[in-house]
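Heads up, there are several structures right after this.
Two complexes, one shared chain (chain A), two partners (chain B, chain C).
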Partner chain A sequence: MSRGARLWLYALAGLVALSVVRTVTGADDLTSAGTMRAAIIAAIPIALAGLGGLWSERAGVVNIGLEGMMILGTLGAGYYTYYQGPWVGLLGAMMFGAIGGVLHALATVVFTVDHIVSGVAVNIIAAGVAGFLAEVFFADLEGGGPTQSPSLERPMSITVPGISDWSADLSAQRWFLVSDLAGLINALTAGLSIFTVLALLALAGTGWLLWHSAFGLRLRSCGESPSSAETLGVNVYRYKFLAVTMSGVFAGFAGCYLAVVASSGYANGQTGGRGYIGLAAMIFGNWRPGGLLTGSLLFGFTEGARLRQGGESVHALLLLIGVALLALAAWQLYRARRAVALLAATVGAGALWWYLATEAVPDSFTEMTPYVATLLVLALFSQRLRMPAADGQPYRRGEAG
Partner chain B sequence: MSPDAVAGGGNAAPAVRLTGIAKRFPGVVANSDVDVEIRPGTVHALVGENGAGKSTLMKILYGVQKPDEGTISIAGEEVAFASPADAIARGIGMVFQHFQLADNLSVLENVVLGAERLHGIGARARTEIERISAAYGFALDPDELVETLGVGQRQRVEIVKVLYRGARVIILDEPTAVLVPQEVDALFANLRELKSEGHTLVFISHKLDEVLAIADEITVLRRGTTVATVTPDTVTAHELAELMVGAELPTPSSGESTVTDRTVLEVRGLRVDDAAGRALLDDVDLVIRAGEVLGVAGVEGNGQTELVEAVVGMRSAVAGTIVLAGTDVTRRGTRERRESGVGYIPEDRQRHGLLLDAALWENRILGHQTRPPSVRGLWLDRGGARADTERIVDAYDVRTPGVDTTARALSGGNQQKFLVGREMSGDPVLLVASHPTRGVDVGAQAAIWESIRAARRRGLAVLLVSADLDELIGLSDTIRVVLRGRLAGTFDPRTVTPLELGSAMTGADASEPA
Partner chain C sequence: MRHSARLAIGAVAAATLALSGCASGDGGSGGGDEDAAASESICDSADGDGPAIGLAYDVGGVGDQSFNDSAYAGLEKAVEELDATCEEAEAQAGEDDAAREERLRTLIDAGYDTLIGVGYIYSTAAYNVAPDYPEVSFGVIDGFNPTESQEDLPNVANINFAANEASFLVGAAAGLTTETDNVGFIGGTNTPLIQGFEAGYVAGVKEVDPTITVQTQYLAQEDPVKGFENPAGGETAATGMYDNGADVVYHAAGKSGLGLFDAVERAGQGNWAIGVDSDQYLTADKSQKPFILTSALKRIDTGVFEFAESVDSGKQLSGYVTYDLADGGVDYSTSNPKLSQDVIDQLDDYKQQVISGKITVPTEP
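And now, the complex of A and B:
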């Protein structure tokens, strides 16, 4: 089976599982159009950050500075959108992100600074610069303040007539599977931001470019074996530099999405660690665009579920988590991996007990659901991952052979 | 350049002429006054011991490094290469000793990388690779991942890479170092075919019998400079060796048997699995007695690394027992095994044996961090460690300015001599030596061989894994062959030939049990 077909199958299985959980628990908001919409809006910035990570790491540069580049992106989006509208705002965000990318590229590629050290430096610098410039840019504007921009114009959104109304009706019926699917369709056809479409195109385009073009082959070869690339006449420095810069561009896009689509303006600390989550989603996705989108949707969905009927929906999810973990434990036990099985069984049983013993999950817990889910998924499913072979290693020209 | 210019040979301009090449690295002169002239359509061998500057010279010719002095001309035209791309454009191709392949990319991707303009990266490229592969009997599947290929196949991918770019001058850097004798024969058949098609081949090696078998002309390098150019019919292997080292070549030999009845290491039914639960080693039985050197031969990747790591305790056994001097150590960790007398010379000294950026005296403590003279009670004994490092430096002739020098500053041979000295400290009963002379110069090689012989005379049991069959035959009391994770044949080094070992190593030997 092709990789694409498998992804669709996983997506369908996920939807069926959610549908079952919704029917069993009666947590109807779990798959409503509203939750789905919130899930997509939460997932896209993470996917974009992950996409930035993908570009950089496929070329062999670990990019923990995504968070910082994303912060720069939110700031750029805030400034340019306020004065010139969302499209220029997007370009501005990408430019600001690219500045972070160039900084990281200079440090890691040209001066062979340790990638983690440089990335952390980018994060710290970006947070500081954004805090300072936000005050310069927005403090005196009407509706703005030293830590936030005025509310910003949103990019256009698309509503497909017919399908959107029809799917909204169907979604409200609460039929098994049909209504859940309709909820998803409604989220994709009513009020879909043009930036969401653009982000999905960026993911697909990256997949095509990196795996089906000569440019992509060269870029990936820099992450797998830069010395081989060098001996075949590839300018490794150039490709790495470009890849890390592009990484910043996509992280900037992610920041823009956060500022103008997911919320109504720039605010300090808006990224809330989504750059790191994006990196985690990319790792979960095995350094591939389809995989990282799956990881992002997983996070986005838990985030969306908590934003809506948080206590109830997350409570319903406990059932799913519990059963899934127990199944995983059985599978790992069969594979003779006792430690993993024990961990999965313990957490799974805990989740089930919690589900049965309570009616709803307290808000203080729902806040952390997406993060806990990410951690769990990474811990349990990250065993067969294959990172680019030379990822994170310093490269100097002339050492080949 | 025009391909016609190189065909025919005779009075045509040399395919490659290197004049007065010099290359200096900080503290080292890699090449000086190198003059080589390579006639078109010939196999030209470049010989010299490790560190003689062969590889540096070829990297200069391939544009990986720039010469500090001197000129390169290709087919009579003077050129300057800024990068390998320029050399490739001039029809030069190189097969590196350490293969330049990306494991996680397919054969196709590895081949077309950097040459995407020739035939694209899709169907046309696949057809072209299949055509080249079929023409030389390589049997390569363009869509297979390189990581699944064996050493011989990887080399073929490297050769296809070069041919795909239409190279006329092909440099092969120690192409036989990783091959068993049968694979070497197949390679030589390919090289002769390439030559007959008008390619010029530059063959780098220090294996003189191979050089004499394949080369039309031989240039000898010593200490970075060319000392002679000869033809194979006017020179013997012995004379070549003397040209290479400026003195007679040492040979490994063990002298009289010192084998006793006392068993030091006994391995029974050993099984080691990889992460997916497949057996890397299965049903391995071996016994080494005091004063005995047990040699293990095998094509790389057949389980010898895992065997060594299991004995040293770096990998845990799934089944079987390992008994060291009467004590079952199967469940013990590496530190406990070392404390009970295991010395270990790892196959990759830079990854497993040394901290390159730490001083020698600190490196002396590694692996002995619980034992005197490096330690007193809970604390490191710096004075004791330094004094003992001085002892090793003297006793094993480690050429270093002092014990505060970092390991990185030493040459490979001196690093290895230091490592051998360290592992022989603390009265070991078993020495596990994995490729002990890989990548060291002839002088250090002789010293390490002598250390292994000395260990044997002192009554140590020695487990010797090596890819150098002459070394195995010269030093061992018994030779076992490892094939696909099992110990296959047992051979007597006094009677076995490298060719017989090669057959057993590839499983070609019909008499060997399956």
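And now, the complex of A and C:
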């Protein structure tokens, strides 16, 4: 079976599982259109940051500075959207993000500074610059302040007439599987931000460019074996520099999305570590666009579910986790891996017991849900991750052989 | 040669970064320059011989249209009426107590002897620094005594507000207004301070009608950045509540509350939001104003001013000082014309009952 078909099958299985859980537990908000919409809005900034990381790391540069580039993006989006609307705002955000990217590229590619050190520096510089410029930009505007922009115009959203209405009706029916699917369709057809579409296109476009074009092959070769690439005439410096700059562009887009789609203005500190989560999603997704989108959606879904009807929805997810782990335990036992089976069975039984013994999960646990869920899936299904071979290693021209 | 070329590249890059910042700062912001005076701190021009006030803000600083702005209003009053001089400082996200201590010491070294920390996060720092400077007065808004012995220091005042009482009133307003018998509460962090807001709010709703459902959601457990500076999370949580039947939602979540205002506007006519700390009807976007039913007011300006005044008159407040409904330290706002006179009359009635002690508002859920 091709990878594409398998991905669809996984998605369908996930939806069926969620539907069963919802029907059994009665936690109706778990797959409502609202939760799906919240999931998408929470997932896209993470996916875009992850996409930035993908460009950079595929060319062999570790980019922990994504968070900082994202901060610059939120600031650029805030400034340009206020004066010239969301489209110019998007370009402004990308430009600001790219400045962060160029900085990181200069340090790592030209000066061969350690990638982590440079990335951390970018994060610190960006937070400082944004704090300072926010005061310069927004302090005197009506409705703004030294730490936040005024309310910003949101980019247009798409509503497909017809489909959006009947999917909303179906979603409210609470039928098995049909309503859950309708919830997802409704989230994609009613009030879908044009920036969401753009982000998905960027993901698909990157997949095509990096894996189906000569340009992409050369770029990836810089991340796998730069000296071999050099012997074949690839200008490794140029590719790496470009990749890290593009990384900043996408991180800037992520910041823009956060500022004008997920909320309606710039605010200091609003990125809240999403850049790091994006990096984690990229690793989760095995340095591939489809994988990182899956990771982001998983994180976004659990985050949206817990912020809406946290106690109830997360309680329902416990059932899913418990059953899944027990099934895994049985499978591992069949394959004679006793230790793993025992671990999965213990944790699974614990989750089931917790589900049966309580009515709702306390708030203090729901906040961890996105992290725990991501960690769990990563631990169980992502055993064969392979990062680009020369990722994070300094490269100097002419040192081949 | 090669080395100097690299240096040159670095310099050019740095200059580009700096210039791009300046250029975009100047370009197109013509509208902003005219009222530039609005953002200038009163401390720049204050030169009286009254108390020398050092004001240390919570994360967010002036311009949060809430907590810190209210403290600034009190500072303005102190400058005008007490001839105070002042200096401001602001907390950074993710800093620790050592950084806050350093901030207080810096203000003291600069000659300020009336220090006010805006926010409970300054409690530990104030209690650590205060013994070293017996001649300096410390006031901490929402402060608490972090020491094990609970012994009061003569030069530290914990300026507290009965936020639960103000929350009780807006809870009653929510209970009187809701038509779906379903209301919501969004808290920033799940800490005792914010739980006080929830407790009062829920009590107020139930006072009107015990059968009304109250949905509650905290954005974070401890992390103040995810709790109070997360408008995206606030919007998700609020939309979830409106989707699940609530028609009035109250927030105690700082800047994250801006997300609530976006959500209520999208939820449309017949839905309401309730603001916190300052009268958020006055500062909200024009299109969002009609949806902001009322706000639970916490007169931090009164707290700041009266503390400065007490120092000025030589009778420094110390220990726990609590402002409540009775002395006007907390209240609810009536600036939205859509809050009907009928509701206001009933709320004032509840207010009297709280003041007279007929109703006791709980402080924890």
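Following the convention adopted for this analysis, the second predicted complex is superposed on the first by the 378 of 401 C-alpha atoms of A that agree within 3 Å, B and C clash if a C-alpha of one lies under 4 Å from a C-alpha of the other, contacts with A are read in each partner's own complex, and residues count from 1 in each chain.
Definition applied: contacts are C-beta pairs under 8 Å (C-beta built on N, C-alpha and C of every residue); 3 or more make two chains touch, one makes a residue touch a chain.
All of these numbers come straight from a predicted model, not from anything done at the bench.
Considered on the superposed chain A, chain B and chain C are sterically compatible, since they fit side by side.
With chain A used for the fit, chain A forms the apex of an angle whose arms reach the C-alpha centres of chain B and chain C; rounded to a multiple of 10, it measures 130°.
Within the superposed three-chain model, A:336 lies in touch with chain B and out of touch with chain C [touch as defined at top].
When both complexes are overlaid on chain A, the residue A:217 reaches chain B alone and has no touch with chain C.
After overlaying the two complexes on the shared chain, residue contacts for A:148 are found with chain C alone; chain B is out of touch. By the touch criterion defined above, A:162 lies against neither chain B nor chain C after alignment on the C-alpha atoms of chain A. Judged by the touch definition given at the top, the superposed model places A:234 against chain B, while chain C stays out of reach. Partner contacting the larger number of chain A residues, of chain B and chain C: C. In the superposition on chain A, A:225 contacts chain B only, with no contact to chain C. Contacts of A:304 after superposition: chain C is touched, whereas chain B is not reached. Once both structures are overlaid on their shared chain A, chain B and chain C have a minimum Cα-Cα separation of 15 Å. With the contact threshold set out at the top, not one residue of chain A is in contact with chain B in one structure and with chain C in the other.
Residues 55, 58-59, 62, 64-65, 83-86, 88, 94, 96-98, 100-105, 109-110, 112-117, 120-121, 161, 173, 277 of chain B are the ones that touch chain A when the two sit in their complex.
For chain A in complex with chain B, the residues that touch the partner chain are 212-214, 217-218, 220-221, 224-225, 227-235, 336, 386, 388-389, 398, 400-401. Chain contact summary for the complex, chain C toward chain A: residues 6, 9-10, 13, 16-17, 20-21, 24-25, 28-29, 31-33, 35-36, 38-39, 59-65, 69, 93, 190, 215, 217-221, 225-226, 229-237, 239-241, 243-244, 255, 258-259, 262, 283, 285, 288.
Chain A contributes residues 29, 32, 34-35, 37-38, 41-42, 79, 83-84, 92, 99, 102-103, 106, 110-111, 129, 133, 136-141, 143-148, 150-151, 258, 262-265, 267-270, 272, 303-304, 307-310, 363-364, 367 to its touches with chain C in the complex.
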